[in-house]
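Starting off with a structure, shown below.
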Amino acid sequence: MLNLDGVHVCYGQVQAVRGVSLTVGAGEIVTLIGANGAGKSSILKAVSGIHPISGGSIASGEIQLHTLPAHRIVRQGISHCPEGRRVFYDLTVRENLMMGGFVLAKAECAERLEQVLGLFPRLAERIGQPGGTLSGGEQQMLAIGRALMCGPKLLMLDEPSLGLAPLMVETIFEAIMELNRGGLTVLLVEQNAAFALGVSSRAYVLENGQVVLSGRASDLAADPAVRRAYLGG
Amino acid sequence: MPENGLLRGPLFSYLGLILIFLPFLRERVWLVLPIMLGGRLLHWGADRISASLALQTWREKAVRRAGRNAFAISLALFAVAALIPFFSSGYVTDILTSVVLYSILATALNITVGLSGILVLGFIGFYAVGAYTTALLTAKFALCGFWLALPLSGAAALACGVVLGAPALRLKGDYLAIVTLGFGEIVRIFANNLDSFTGGPNGILGIPRPAIMGWQLASPVAFYLFVLTCLGVTLLIVTRIIGSRYGRAWIAVRENEMAAAAIGIDVFRKHLLSFALSAFFGGIAGSLFAVKQGFISPDSFTFFESVLVLCMVVLGGIGNPAGAVAGAFLLVAVPEMLRDFQLYRMLVFGGVMVAFMVFRPNGIMGSLTFALEVDDSRDEREGLP
Amino acid sequence: MFFQHLLNGITIGGGYALIALGYTLVYGVLKLINFAHGEIYMIGAYLGFILISLVPALPPAVQANTMLVILAVLLLAALLCALYGYYLEKICYRSLRGAPKLTPLISALGASLFLQNFVMITMGARDRVFPPVITNTAYTVGPVTFTFLQVVIISSSIILMAGLSWFINQTRLGTAIRAVSTDPYMASLLGINVDAIISVTFMAGSFLAACAGVLIGIYYGSINFTLGYLGGIKAFTAAVLGGIGNCTGAMLGGFLLGVIEALGGGYFSTEYKDVYAFFILIAVLVFRPAGLLGKKGGERA
Amino acid sequence: MKKVLAVLVAGLMAVACTKQGGGGDLIKIGVAGPLTGENAAFGQDQLNGVRLAVEEWNAKGGIGGKKIAIVEGDDQRDPKQAVTAANKLVNDGVIGVIGHFNSNCSIPASAVYNKAGIPQISHGSTNPKLTEQNFDTVFRVCGRDDQQGKVAADYVSGTLKLKKVAVLHDKTTYGQGLADEFKKALGSTVQVVAYEGLTTGEKDYSPVVTKIKSLAPELVFFGGVYSEGGLLAKQFRAVGVTVPFMGGDGIMSDEFIKIAGPASEGAFATFGPDTKGAPAAKGFNDSYRKKYGEPGVYSVYAYDAANILLQSLQKAGSDKKKLLEAIRAIDYSGALGKVQFDAKGDVKVSPYVVWKVEGGSYRQVK
């Protein structure tokens, strides 16, 4: 589904990602865990084409993603739900969702809208409200719903639980798992390592822009070093 | 990165658009086409050249080296500038005097635009206040000599700066910009309409040249040397201020207002101070302009002039005092050099301005720190791991 | 007399509003002031003039249909002018994306000078006189005298604004423009081609400016190459008055500016007409720092 | 970067060079005026007028075996640019200057020419101040606004016998100067019901038109040029004000009639006597039309100014003092008729007459 090979990402003089290689197989939930500044978000940005890579390659099947501009990558079925939700504040919930389906034909878009509203009934209640008036959790639902509108094969989620009440976090993660059961591949970046490892099949641990550990999520959850560093005990 | 489609598409389409004007074309218009073509080709060439990293590092090194020896270099440049009129004509001296006057003006504007990051679109208003103060004091009402009028002109402009700044500086970015634009226009309209006071559109004639110890600065060369000295003093004061604690506070405010406020800098007062200071030097420049021309009228203080001065600051490199001088030189001297293009002068000038920005978006001497600050635009900054 | 001034103000305000929309649209997506917009308006007027002068070459049967001809001229001029807007953005702005904030200002001004002088050279420095395409009958209702052309101007500016409103609020492309202006980064993550949207925005703004140019050319009857300067400043003021970045604000600002000028000029002195406008602007900004309909926080960081 | 700049500079020079025909065997005369910018139309008329005169002289073999060349000085109607352009012309070694056009440019520039001791013959600056500076280098072939204002005022109060007029001007040195002189010359019998300034470059004058309509004057006088004048006349007519419109030499142009359309009918303008129909100017008109199209009203003034300069030069030689004396003593008769200068540099005979638009073109009425 997704192959990163020796990817480097730079911000000016700063090297954020140094030679990361990882794979995400079809139908998997893969988690990237690591401290702030470990390079997790940078990897997602590199995949979605928002930030250019300075070395290595990113491929999905035959397609070299890093050669495409950002707006073309969505058309490859890769959707990126960034950190901080970034709901369009002035646009209504419906408009927000419709924007998620911008790459689709109009009829198809309306169809997807029904599906997404089915997944998040809360959004259906708020359909005419501007995005900015929603609560944090609702905004997160909207952000995920919007990312799903294009009917992606791979969904990249950046910190979906950030700043949410625990109950809401559970709702969100349940939705993610349900989507996964429906065949969606998920690449997750999460600070809440306990939750993340609980839902995912495999995980990579990043430090200073490099992969230091990788393996099955359950194995990593049992790893003493990981427990000490990320699971608080 | 998106492919560079600049070369292929527009050329032919522009040709098409020009053809719309065809029924009215005269033979001479074909001169325009090579210029447009040339512009595109140059752009393409510049892309190629700036792509080579060697140039970038070469430039950085040169800038650093120049930075270390800034004082010596400026002294040498001033010496050269002071000698030029002795080897050239009155016309060149006249142009150079204009360059120096605009340099003072651009340096003054650079205090707000460059150091505090405030966009000012009506800066010429302060210049006008200074010029009219001098004209009224020395010519119209003959109340005092130039040497008293000079600081008074600065003071009058400074007072305007405070009066305008106190309410306006609470506004943000482009809103502030248009308030200053309004100010500039209001000053000009009043100057044009208060006939009995400012002479209306006729302006004020017969402003005497200053005298130093009884020696009238009547000759163009003497006057040129005088304004050059004024520029030197202005630059010295401004660079001193930049290097001081105040200057660093300004830069802090420019880089990040919130953070500056958080460490206890009173952002509003810093802005007001820089605004007033900038107005003061603008007034001084206006006063010098009045005695240079010997005649002022509202025509000299249009919005276009404000924009021209702003262009000097940006073209030279925002926040860099040397850049302001370079920008002034470029924008005064280049149109003069282009006089031989006659009818096409301003057309070519416009084209050169566009080309210049496309080649060197940071200005001729854009300070490196500023360039870096701008490079990480919003999106990337948020993504910094 | 008050109503007469009001009507005069609304007529001229309609033109300001159409141009102001261009500033506001571009400001929305790029967060910068398109200083060459006034020149685009001027170009639009000239394109209209060129097209109208071609009308006598048409078969008489077509010419007889005056309104249709004018509509066609308006549309064609606006579409051609949209191309100017497209290339203006491509040459002066696109290559400067990510450059210091004031840099595009210079290239825009350079483009202004270029376009202005280009038109001066190709079309001549003299005023160009629009052929009188519509017989301009005057009507008097009570104390107010208005002309047929005034009605045309006001109604077409309202129709155009309604059209823009529909485009921005009801279509997918329009929603994408709004999305890009709130968060271009997120928009590109959703597969929206931000560059293309910016081009569309410039084209829409230029389209409206050209309409204003042609209408004003027909209304006043003469145009010259310096037209864009004053029109540009006034419309920019209107856009800020209403709250730059806000389309309704631009329309409101345009009409308001026109009315202020008409009333100020009519009741006090014409010489200070622009002063009233700027004073009101400053007063409004002091109390509402982001314009009449702007968002509280002023501009986004 | 250096390379690019080099290419750029080389390109500029290449184009620049094609425009220059160097050589020291030339007599240079300056043409200073608004060659670009808002008033470029006037500037181009002026330039073409001078060009025609120079071509004629060159066709005759020049002066003293030397060809005559024109050096252009563009002032963009900006006084500051005017001083710069004047300095440039002086520096280029011109023996005399035709121009400037706008009074606000002529006045500051005249100081430069005076200092250099070279003659300046303005073809269109009518503001009295120009020749009131005691400069022996300043001449003009056009009249003065005080003469012109008086002729207009006399016509209004004497011939038309009107009692109420509105006075408008465009807030320029020329326009306001003329309006003031007109107002001054009206005397006590005529009431000025409105005196207002307009902004040049604007299209909409409805506030002032509405206001003046309510004051019901019997005539509207406008000090300014045709761009604004035409629009004003048109807008007055559109709201039903049918009283005559009057202006100075600035609206004396076919452009005025074109812009105002039918509203120009019956409008008055003060200007010099007929040149287009005058037999003396026939030669000028014919050859101008052939080369540059329809002459602007000031083309002939520029043409004659150039002829006066060149004729004096032929007589006096290149000595500056002698040249000035020769111009002052000239008894010229050309397209404009007879031209002689008084001590100040003004023309001896006040040239103004009143014109009226009848049947879509200007006719001399007095």
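So that you can tell them apart, the chains are marked A, B, C and D in the order they are listed, and the count of residues begins at 1 in each.
Keep this in mind: a contact is a pair of C-beta atoms (placed from the backbone, for glycine too) under 8 Å apart; a residue touches a chain by one contact, two chains touch by 3 or more.
Fair warning: this is a prediction, and the values are worked out from it, not measured in the lab.
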Most distant chain from chain A, judged by the mean position of its C-alpha atoms: D
Chain pair whose interface holds the most contacting C-beta pairs: B-C
Chain centre separation in whole Å, for chain B relative to chain A (CA means): 48
Chain centre separation (chain A, chain C; CA means) in Å: 42
CA centroid of chain C to CA centroid of chain D, Å: 35
Gap in Å, rounded to a whole number, between the CA centres of chain D and chain A: 73
Residues of chain D engaged with two or more neighbouring chains: 36-37, 171, 197
Multi-chain contact sites of chain B, meaning residues that touch two or more partners: 2, 192-193, 343, 346, 352, 355, 375, 379, 382
Multi-chain contact residues (two or more partners), chain C: 117, 124, 185, 229, 271, 274
For the chain D and chain B complex, residues of the former touching the latter: 1, 3-4, 7-8, 11-12, 15-16, 19-20, 35-37, 72, 74, 77-80, 83-84, 87-88, 90-92, 104, 107-108, 111, 127, 129, 171-173, 175-177, 197
Partner chain A, residues of chain C touching it in the complex: 172, 175-176, 178-179, 182-183, 185-194
For the chain B and chain C complex, residues of the former touching the latter: 2, 5-6, 9-10, 13-14, 17-18, 20-21, 23-25, 28-29, 32, 43, 113, 119, 167-168, 170-175, 177-179, 181-183, 185-186, 189-190, 192-193, 303-304, 307, 310-311, 313-315, 318, 343-344, 346-347, 349-358, 361-363, 366, 370-371, 374-375, 377-379, 382
Partner chain C, residues of chain A touching it in the complex: 48, 50, 69-75, 80, 82, 86, 88-91, 95, 98-100, 102-103, 106, 146-147, 150
Residues of chain C that touch chain B when the two form their complex: 27, 33, 35, 47, 50, 53, 80, 83-84, 87, 90-92, 94-96, 98-107, 109-118, 121-124, 184-185, 195, 229, 233, 236-237, 240, 244, 271-272, 274-275, 278-279, 281-282, 285-286, 289-291, 298-299, 301
